[in-house]
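What follows is a set of structures to go through.
You will see two complexes here that share chain A, one where it goes with chain B and one where it goes with chain C.
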Partner chain A sequence: MGKQKEKKAIWGTTLGEFVQQQFVKRPINMVSLVCMALLALMAVIAPVLANNKPLMIRIEGKLHFPLFQNLSPADYCIFLAATVGFLLLLLIRRNHSNLEPSVRGAVLFRQLCLSCTIILIGSPLIFIFVPRRLEAADYKAMIAENKADYAVFAPIPYGYDRTDLMSRNLSPCRTHWLGTDDVGADVLCRLIHGSRTSLSVGLVAAGISTLIGIALGSIFGYFGGKVDFIGMRIVEMVMAIPTFFLIITFVAFFPRSLLSIIVIIGITTWTGTARLVRAEFLKLRKQDFIQAAVSLALPLRSTIFKHMLPNCIGPILVNAAFGFAGAIFAEAALSFLGFGVAPPTPSWGQMLSSGVTTTGRFLWWLTLFPGLAIFLTVMLCNLIGEGLRDAFDPRLKNAI
Partner chain B sequence: MSENNSLLSVRNLSVSFFAEEGVVRAAHKVSFSIKTSQTFGLVGESGCGKSSVALSIMRLIPANQGQIVGGEIAFDGQNLLELSEKQMRRIRGNKIAIVFQEPTASLNPVYTVGDQIAEAIMLHKNKDKTQAWKAAVEMLRKVGIKEPQQRISQYPHQMSGGMQQRAIIAIATSCEPALLIADEPTTALDMIVQTQILNLLDELQKQTGMSILLITHDLGIAAERADEVAVMYASRIVEKADPRLLFSKPLHPYTEGLLKALPRLGQSTKRLETIPGTVAEPMYLPSGCKFHPRCRTGCHDKHCQTFEPELKEVEPARWVACWHAPGYQ
Partner chain C sequence: MIVPTLLGITVIVFAISRIAPGDPVSSHISSRGEFDVKKTIDVRKERLKLYGLDKPIHIQYVNWLWRVTRLDFGQSVKHNRPVIKLIADRLPITLTLNLIALVFIYAISLPTGVLAAVKHGRFFDRAISVFFLVLWSLPIMWVGQMLIGYFAGPAFKSWFPPAGISSIYADRLSFFQWLFDRLWHLALPVVCLTYTGFAYLSKQVRAEMLENLSMDYVRTARAKGLPESAVIFRHVFRNSLVPVITITASLFPAVFAGSVIVEKIFSIPGMGLLMFEAVANRDYNVVMALATIAGILNMIALLLADIAYALADPRVTFEGNT
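Entry: the complex of A and B
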């Protein structure tokens, strides 16, 4: 341990470690991070948490695992990606204690490449080898007829696309903890599956908009002059259009699939990031170390990506966290208005809108729980974003 | 003075910056030449155009702000102003390197010192990463950093200003440039470190035979280190000579005024002389000799007020731009 400390003293504190120390200092940050992690975990294992197929069943002395046999290849891909992502996080932690700062970048890059390769090769393999099965066997009926010896069900033993006309619009009870909706689907089950929609929209849409923002912002900021002038006028034109109406207009032209909604939200919300990155680049461009990089004739690629971009990673990350919340919110709003993903794919916004029935009855459990879910998720993102902002710039925290 | 053995010769270099209010001439018909293994001192107060000259040699004047409007910069037989950007990239870092004033701002805060030295070596010497790191350690040792093995994997903020400047010099000299431009390399450092850094530059010059363009506002540094000194005022070189001659017998009233304003060791504490007036506004320069409003003789002389003197050789290797200098006509 002593040796470890010695090494650390020589290595010094990297920006990442500094931010981590600052971030951990405030308990609220850690609480929101843990909640967010739990939410992500819930989204990943949603089909195991809520499924109408039993986890395990014994019929005539033979064990069956219907739930796993019925998972779609996409589910397995998500499991794979989540596992690889988690392992990568562990690896990064290990890198920080074992490797010198100067080689970390290269090692991390190699590990990232490896993980991407695993996911990229693994996913097609999963799609090839995991058959798309739609088992019609009604295990619940089997159990009722005493055909099965014993069965273990998921904690919420309903599918998100369940329709049961016998149990429509039930208020919360013992069998349906958060009640059922107008076609008899369990609200809790749909909430759990809806987190997948929300989080994937948040993640991918924020990712797309951040990438576009970085690409355009860095070009405008680095080259300046005419490029910057024309570029920023275009950005201002895009900004002048209210984002939400822009999204609705786009949605009208494209099919109501999750993917198109993600892409549409992504390509309409990059203006903020672009302006931010441009401003940072304009500031950095005047710094001596960038002048020095140019005077050493470092390639443009290295100057921009190696010397400038990492120096504005803070504002970009913070902005991405807020973008994440914004994208979730936009998707919920779209679905609430009926422009979002088509049922039976669950979405929190869509569930919210079903709270008021055609007969005018107000079903509180259909609005309260999805509403809370949206509220909590968005708030968590904003808390994390603010925590990051304070961590990157500790002066800000003391100023207020 | 023959121009044949000179490594860099700048002739009639003019640089303009375009501000919203008008054109600012940062350099006007600046001419000088640096011989191989020689140190050339460029002295002048802030804003007189020293750094613009340095940036012009590297062709780093930001294109949307300023432009080299005239003259030529001959380096190693080729005119740098005629080279394409691609050819220029081969010169930058490889043949001409620059050290900036502020050591804390000249290193990228997110990379270790070793990363930054190794990157330059990898690029210009075609070495792989391990070789480049070995060379980087060697460079750090050369510039006098103790325990280079450990220092190399440290971040800039873990080093003192002097050490940072040493590391920057290591980056700049790692590719053995023929010319090192040192743009106020010691201004941000205290006196002792200043001497150390200047000694280091001298030593490196002896080892590699590079030429140094030493830009400074400190007359003492220029007198001590340079083989030839040029004094700049209002974007023009007003006097150019061997430092011993320049400081013992200044010909231009501006140089004279500067020297009189210097405190000297061992002299009684009588009030230091000042140059009357303030530095000319770069955008609204006076007519004629740019120094005439502040000059004791020039301010009454019609000739000084209307006609601008050009830099002329009045004695062998003594150049001055003043109508009243002995031998100037």
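Entry: the complex of A and C
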């Protein structure tokens, strides 16, 4: 430990470490981060948590694992991506204690490339080698008929696309903890699977909008002058149409699938990030170290990505966190209006909309729980965003 | 500067409608179920000519724009009426709803914002900021659905009507009764529209107040021996109000967007519900008209905010800023 401290003293504190220290200081930040991680974990292992196939079943003395045999290749790809992502996080932690700050960037870049390669090669392999099996065997009936010796089911033993006309619109009871919806699917199960839709929309849409925002904002901010003027007019035009109106205008003309919704939300919400990055770049451009980079005739790529962009990473990250919340919100609103993903795919907004039936009945469990899920997720994102903002700029908090 | 922006809005809306796969004519034909291929192609060509869709895209745009400048957005397929008449019917309802909500937003958020700033760092301030964050994160569809379920249905209390903006017998009521009836119908939607804007605005007011409170002139005012209330209300509050004007303009889009969901939940026949129906029925003329008009209204709101800003703060000039 002593050696560690010595090293640290020589290296000094990097921005990342500083932000981390500030972030960890407030317990609410850590609580929301942990909750978010749990939510992500739930989304990743959703098919293991809630599935109508048993985890393990013993038929005539032989053990079977129907759940794992029935997972789709896409599920395995998600597992792979999540594992690689988690390992990458561990590696970054290790980098921070073992490597000098000056080489960290290059090492991290190599690790990122490596993990991307693993995912890119692994996913097609999974799709080739894992067959899509559709097994219609009703394991519950088997147990009822005493064909199987014993079975271990997932905690919520229902599929998200279950239809059971005998148990429609049940209020919460012991077999269905959060009740069932109008086709008899278990609400809790659909909630768990719905977190995948919400989180993937949030992640990818926020990613797209941040990337577009960074690209355009950095061009406007770096070149300034006419480019900036014309660019900002374009941004103003896009901003003039209310975001949600713009989104549903797109939705009216384009096919409604998960992918197109993600892309639509991504390409309509970049204006905030673009303005932010542009403002930061305009400020940075005047500073000495950028002048030095320019006068050294460094390539444009290097000036923008190595010298300027890392200096405005804070506001971008904070904005991305709020964008994440906004995208989840937008997706829920779209699904609520019926413009979202098609019904068998679970989505929180769509579940919420079935709470008031056309006959005027109010099924409170169909409204309360999905709404609560959206609310908590959005709230966590906002809390993390606020925490990050305070961590990046502690002066802001002290001043106010 | 406003003319190019308006043009830009129309370009965006037009572009969205044209890059989308498929064209309005084909969707018509396929829905009729005509199987004779040759005849279908002929019909399609004729229709394309009828709507001017056989011309190059920029000419189509100019034609469309020319019609838009005369407020002619074409016919609504679903309602079989000119789009502009539909909008003229619906716009006042949305504006009434949003203006009432805006009044409430201001009436609640100014005092709370000021109070939070004055009690900075104390319990009230902390509690209210947590409260704002919660309000800000509440999904509007959830709140609407819960309100309608609990207060406008047989499930719990039926204090409010669940849908529409007036009762069936509204024609026979005297003016005040009619007004009361209207307000009674609008109460829940207004609550829904108010709470998000309120959280946002209070936060901004608080931040502005705090920034002004740390200024030198406040110290001077206190040193003069002015009572605290005079310092707060006559000096700080007035100065903090100026940026709030610009924030109002940024509230507008949120209010418009929120109204799609709120109007859908409470079946209020306003712009939002029209947009919803148009998207659900793929009534393209209506969608394009609504997006354009919402953009233009929003631009006007921004412009008014800029003018109001200049009027309120004599230090702001438009010269040298363009």
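Note that in this section the second predicted complex is superposed on the first by the 400 of 400 C-alpha atoms of A that agree within 3 Å, B and C clash if a C-alpha of one lies under 4 Å from a C-alpha of the other, contacts with A are read in each partner's own complex, and residues count from 1 in each chain.
Basically, a residue touches a chain if its C-beta (ideal position, glycine included) is under 8 Å from a C-beta of that chain, and two chains touch if they have at least 3 such contacts.
No experiment lies behind these values; they were computed from the predicted model shown.
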With both structures lined up on chain A, is it a clash or a fit for chain B and chain C? fit
Would you sort A:Val277 into first (chain B), second (chain C), both or neither based on which partner it touches? neither
Examine A:Leu337 and indicate which partner it touches, taking first as chain B and second as chain C; both and neither are also allowed. second
Have a look and say if chain B or chain C is in touch with more residues of chain A. C
With the two complexes overlaid on chain A, check the angle at chain A between chain B and chain C, Cα centres, nearest 10°. 80
Based on the superposed arrangement, let me know which partner A:Ala292 touches: chain B (first), chain C (second), both, or neither? first
Identify the partner contact of A:Val238: answer first if only chain B is touched, second if only chain C is, both if each is, neither if none is. second
Which holds for A:Ile57: it touches chain B only (first), chain C only (second), both, or neither? neither
Considering only touches as defined above, state whether A:His307 meets chain B (first), chain C (second), both or neither. first
Is A:Ala43 touching the first partner chain B, the second partner chain C, both, or neither of them? neither
I want to verify one number: the closest Cα approach of chain B to chain C after the superposition, in Å. 7
So, in the complex, the side of chain C touching chain A is made of residues 1, 4-5, 8-9, 11-13, 16-17, 20-21, 133-134, 136-142, 145-146, 148-150, 153-156, 162, 207, 210-211, 214, 252-254, 256-258, 260-261, 264, 275-276, 278-280, 282, 284, 287-288, 290-291, 294-296, 298-299, 302
Tell me, which parts of chain A touch chain B in their complex? 10-15, 100-102, 106, 224-225, 287-289, 291-299, 302, 306-307, 310-311
Applying the document's contact rule, which stretches of chain A touch chain C when the two form their complex? 233-234, 236-246, 248-255, 325, 329, 332-333, 336-339, 349, 352-353, 355-356, 360-362, 364, 367-368, 370-372, 374-375, 378-379, 382-383, 386, 399-400
In their shared complex, chain A is touched by residues of chain B numbered 58, 60, 62-64, 88-94, 97-98, 100-102, 105-112, 114-115, 119-120, 123-124, 129, 133, 150, 152-155, 157-158, 168, 171-172
